[in-house]
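Paired with subunit B in one complex and with subunit C in the other, subunit A is shared by the two complexes that follow.
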Partner chain A sequence: MAGYSYLRPRKSVTLTVLLGVLIVYSVLPLLWMLFSITKTQPELLSSFGLWFSGPFALFDNLREVVTHDDGIFVRWFANTLVYVVVGAGGATILATAAGYGLAKYRFRGRSAVFATILGAIAVPGTALAVPTFLLFSQVGLTNTMWSIILPSLVSPFGLYLMWVFSAEAVPTEILEAARVDGAGEWRTFFTISLRLLAPGIVTVALFAIVATWNNYFLPLIMLNDPDLYPLTLGLYQWLADASGIGAQPVFNLVITGSFLTIVPIVIAFLLLQRYWQSGLSAGGVKA
Partner chain B sequence: MPGRRPPSRRVSAAGWSFVTPFLVVFALMIVTPLVYSMYLSLFRNQLMGGTTFAGFANYVTAFNDPKLWDGAGRVGLFLVVQVPIMLGLALIAALAIDSGRLHGRSFFRVALFLPYAVPSVVAVLMWGFMYDDRLGLTGSLNDLVGFDLIAPYTKQWILTAIGNIVTWEFVGYNMLILYSALKTVPNEIYEAAAIDGAGQFRIVRSIKLPAVRGALVIATIFSILGSFQLFNEPNILKEIQPALISSYYTPNIYAYNLTFAGNQVSYAATVAIVMGLVTAVIAYVVQLRGTRKDA
Partner chain C sequence: MTITCNRRVALGALATLLAASLTACSGGDEGGGGGGGEGASADEIEAALQEGGSVTYWTWTPQAEKQIEEFEKAYPDVDVTLVDTVGAGEANTKLQNAIAAGKGVPDVVQIEYQSIPQFQLPGQLTDLTQFGFDELESLYTPSTWGSVAQNGGIWGLPQDSGPMAFFYNQEVFDEAGVEVPTTWDEYVEVARAIKKDDPDRCLANDSGDPGFSTSMIWQAGGTPFQNDGENVTIDLADEGTTRFAEMYQPLIDDELICQLPGWSDEWYAALGDGTIASVALGAWMPGILEDGVPDGKGKWRVAPMPTYDGTPTNAENGGSTESVPEASENKLLAAGFLKWLNSSDESIQAFMETGGFPATVEHLESDEFLGYESEYFGGQKINEVLGAGAADVNEGWQYLPWQSYANSIFADTVGQAYLDRSSLLDGLAAWQEENVSYGTDQGFTVNG
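Entry: the complex of A and B
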């Protein structure tokens, strides 16, 4: 049966090997990192990158990362968590409600709102950073946690994903039936719609989490005080310390710190895989 | 028909109540800075005499500023070379994974997507080490072949080195966008094509490529935005190789340095607006061309 053989095609070794090359490219730096975090500073600078060398220093490196400079790394980690939970969490809530509202309600001014927000996706984020910095400095918000959290709350792309997703995932008939039964709109949202929207919400949340966790430009502009740094800016600081002239060589700290920075986000992606993959394919980026 | 009759006042109010919180933050965090930077661009900051109204003088300066156009030319070149390579690889990977002919395809999908989760600081750090021709993998490779096969830290290769980092970061992300679009093709279409005797390549050309067209336009537009905003990778690499990356290497690095090193806030705002306009025009043209011949 021709149709059957297409839907269950023969596995191809050639194709697997060809794409394997791309995978090697993808994981090569991560492999390099896994070997490097087990090395001492001198070994790091003198041994072949893709194999072990010298004493197994992983635990020493980890201890050094969390104790260096009175445990500043732990502080950066906690800051990052705050930025992610409040910033990305808030962005997800705002984008979910607004995307749902735009998809499921017809109201005056709706298309103008939608056009404005779509236009905003095209505004370069970095073009906003400088004027935002100037505005924040006038109201005394620079060098505070709010200077990172507030701009992270807006995710026009998240709203777009949520709009497309809501339009498909929540049948209008259900909302009308609830209306006939006398349920309030927000009550319907919390009791019925939210569950249908779950895969879309996880997708939007993950993209917001990645954006906040990996944010570098905004903290670079806004923050002076190392006690407020997120992990990315802290690592950048260590890198600068390690690279400058007459610098203290702390490359083992930089690399082990980098490793600790990507572990949580990678775990989040792997654990939530089922959700974001269905969230994306259920129409999120069909366009 | 829902949607035809005018919405009831109660439903209309509910609609607004969902959208309003987002709009408030949107107005404060996007519209206000945007308007403010337009306002700023009409003034001039001088060491002596403070800030004075300058009309469109900053724009005239910008259009004649060799530093700005040096950076713009560089990101333009980056766009023309790096984006097609990255999206080409992403498309090939998406088609291969979607074909079902790979062993262990969910492993492929996740492994390829993984770099997207890596912060740019960490990505540049890792590649920055590996690029080093004495300490890194580049050195090992050059030792192996016995001559300097690759030398990322030279004037002529540094942009390629940056392009490689950006490609590494975003191939998987773009693959996922294209793959999601492929997943929306109903199986019946493939069955029908198979019954008609269409081969693999025919199916790719006549069914799959048209199916990813919209997603490809979106991915292209995002990549254009990313290229013109190029900042993180060169700015972090600058810590490792200060001599190779100038203070106006990309328009964004230029605007950043104008603001924080040069105190030329107004001119920095002008640079950002000019680049924003250039980006918007190019993105718009791509969108028009990309959706014009829609089947």
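Entry: the complex of A and C
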């Protein structure tokens, strides 16, 4: 059935409607957020969500977000950047090097590595969080930045993607030509292969950045010092401030903070999306 | 806001896992205490405070910063590091994690009364009797002292209390033409009248909240949980529990209460616009109404809890203590800070200034406290009502040693009664069954 519509593209009412529903479904919450960040807290609670209401409080909200609790939001933002740059950056470098190595060199135990990596992709990170916590607690790494960065460095899926991509994008003939011309393996990698791999690297980097930026469960169980929190956990802390004895609801700050949190990731997507697409499809066809 | 619920479950599961691994590690060291028995007198504590050092304090109390400021004025050589643990649920998980990790355990930590057995029974809290804290008993209300002094030790000093009270929106009551209920029978009738007057409104909201239900059982005179450290008795069909369930059943059956989860943004909105006409919660509620429900200013009032037979009885709802974990490396200094925090006048004044409801008799009975006229409550002397409620709290209540786990499975058992409008007593029986099997798995003798 899928083949049928693929070969003879036709306007399908069902599909159009379905797609329309999906668009509304994904855009509505965003719209709600855009309207909500302009409201004061009382207006936020009492007015219709998809239109403006009351005084335009966006700038007050923004100012309050970065100053509330001695400006801890800025700290959380910086923490997230550290986790993303070191964690996701490191993951990308490791995945690229390892994927390339596995694709282009023959050595003993290669298929064992292959099986391990495929198996690792099947295990969600959330399932590993508790064992990782217990391991880290034995070596005294919990409640440190390393407890977030180290697990982020490992990306089996990224490695797999780079492997498939390397096999496709870097012809073995070029490598042989480079070797004949006397280039060492490192030089070949850095001057020739790396350039050919660029779209794949961007894809893997985007995956890793998004995963690290949105990482919630791991920091939740690893960290207990609010000064080390990433944005995800910090925003939850503000949300949770609304419950129990001594509650201080700051729903307007939670929403404005959430908005500030998604802005960088949206920008990253818009800038890198064409690489993302080509990278994904290259992997897809080959796999 | 379903995130909250899912996360609670996730945290509960994690806590359970860790608790299991902890029990495995700490086998043999029963009865707690045993921290080298380094007893100390009040003089020695004072000397330690003068000498100085550093103390890590985990709390979610909003007034903590102000209190620490005062403390560091009194004892400039002691450096207190404050860690905001957000809320009770988060705090339990964090403490559990830190103890499991054996690293980063705080010196003084805020724990809800209902979670004390969970940390005390595995020997994770310091018995403060060794620092002479038994002499402080007369400072606190009997019900809060009873929550920290259990199983032959003193496991913390009460910070606040939450005797229940009936908070209601006078404007909505006037519109519906109803009076404040003094008995639970009247309460059900008022609920009916408000629903009839305006179907969008409810007298109260409840979607199955374990903290509320246990307090209601407590108020009805039930003592469904009893434990002496090893033997646990669970009877969720005792006289008081049954009395509560039978009173409450019509509210569920006839859909007289709104199924709105507490503390959500909708809840705050509903308290402000009159959709929810009353809440029965702890005496700490006024501060939250003032902060979170500015629209309700001038409309809300407070009354004593409705009774079953005209005799005033009450229960605690929430409230917490500060304790010293067994793994603290500086117990003497920690005990000194704790003693100052929850018994010195400077600290308690700072706590009360912004709406904290104390646990100390002296402050609860002071003229200044009782005479306070709340502008939010239309000039009502709210503390006269709230303070009187503290004296009527039923004695003998205990929580389960695994209360936070029990609360996490409340929705799956008792919560079902709210969803299908089925029997609350059946739901409670199901909750009991799950708890008996969980407790037995944890190595307790349950209903043996």
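By definition in this document, the second predicted complex is superposed on the first by the 262 of 287 C-alpha atoms of A that agree within 3 Å, B and C clash if a C-alpha of one lies under 4 Å from a C-alpha of the other, contacts with A are read in each partner's own complex, and residues count from 1 in each chain.
As a working rule, a residue touches a chain if its C-beta (ideal position, glycine included) is under 8 Å from a C-beta of that chain, and two chains touch if they have at least 3 such contacts.
Fair warning: this is a prediction, and the values are worked out from it, not measured in the lab.
Novice: Compare subunit B and subunit C by how many residues of subunit A each one touches, and report the one with more.
Specialist: Greater contact footprint in residues on subunit A: B.
Novice: Applying the document's definition of touch, where does A:L45 land relative to subunit B and subunit C: first, second, both, or neither?
Specialist: Both partners, subunit B and subunit C.
Novice: Is A:R106 in contact with subunit B, with subunit C, with both, or with neither (first, second, both, neither)?
Specialist: In the superposed model, A:R106 contacts subunit B only, not subunit C.
Novice: If you stack the two complexes on chain A, which partner ends up touching A:S243: first (subunit B), second (subunit C), both, or neither?
Specialist: Touch status of A:S243: both partners.
Novice: Go through the superposed model and pick first if A:T132 touches only subunit B, second if only subunit C, both, or neither.
Specialist: first
Novice: For A:G89, is the partner it touches subunit B (first), subunit C (second), both, or none of the two (neither)?
Specialist: neither
Novice: Which parts of subunit A are touched by subunit B and by subunit C alike?
Specialist: In subunit A, residues 45-46, 130, 133-134, 217, 221, 236, 239-240, 243, 251 are touched by subunit B and also by subunit C.
Novice: Which residues of subunit A touch subunit B in their complex?
Specialist: 2-3, 5-13, 15-16, 18-19, 22-23, 25-27, 29-30, 32-33, 36, 45-46, 48-50, 94-95, 97-98, 100-102, 104-108, 110, 113, 117, 120, 122-128, 130-135, 150-151, 153-154, 156, 159, 172, 176, 179, 184-186, 189, 210, 213-214, 216-217, 221, 231-233, 235-236, 239-240, 243, 251, 254-255, 258, 261-262, 265-266, 269-270, 273, 277, 280-281, 283-287
Novice: Inside the complex, what are the residues of subunit C that reach subunit A?
Specialist: My answer: residues 4, 7, 10, 14, 17, 21, 58, 60-63, 83-88, 90, 93-94, 97-98, 100-104, 160, 162, 262-263, 265, 268-269, 272-273, 282, 284, 287-288, 291-292, 294-295, 318-320, 355-356.
Novice: Spell out the residues on subunit B that touch subunit A in their complex, using ranges where they run on.
Specialist: 2-3, 7, 10-19, 21-23, 25-26, 28-30, 32-34, 36-37, 40, 89, 92-93, 96-97, 99-104, 108-123, 125-127, 129-130, 135-137, 140, 168, 171-172, 176-177, 179-181, 183-184, 187, 190-191, 193-195, 197, 203, 214-215, 217-218, 221, 225, 228-229, 231-232, 236, 239-240, 252, 255-256, 259-260, 265, 268-269, 272-273, 275-276, 279-280, 283
Novice: If you look only at subunit A, which of its residues touch subunit C in the complex?
Specialist: Going through subunit A, the ones touching subunit C are 42, 44-46, 130, 133-134, 136-137, 140, 142-143, 217, 221, 224-226, 236-237, 239-249, 251.
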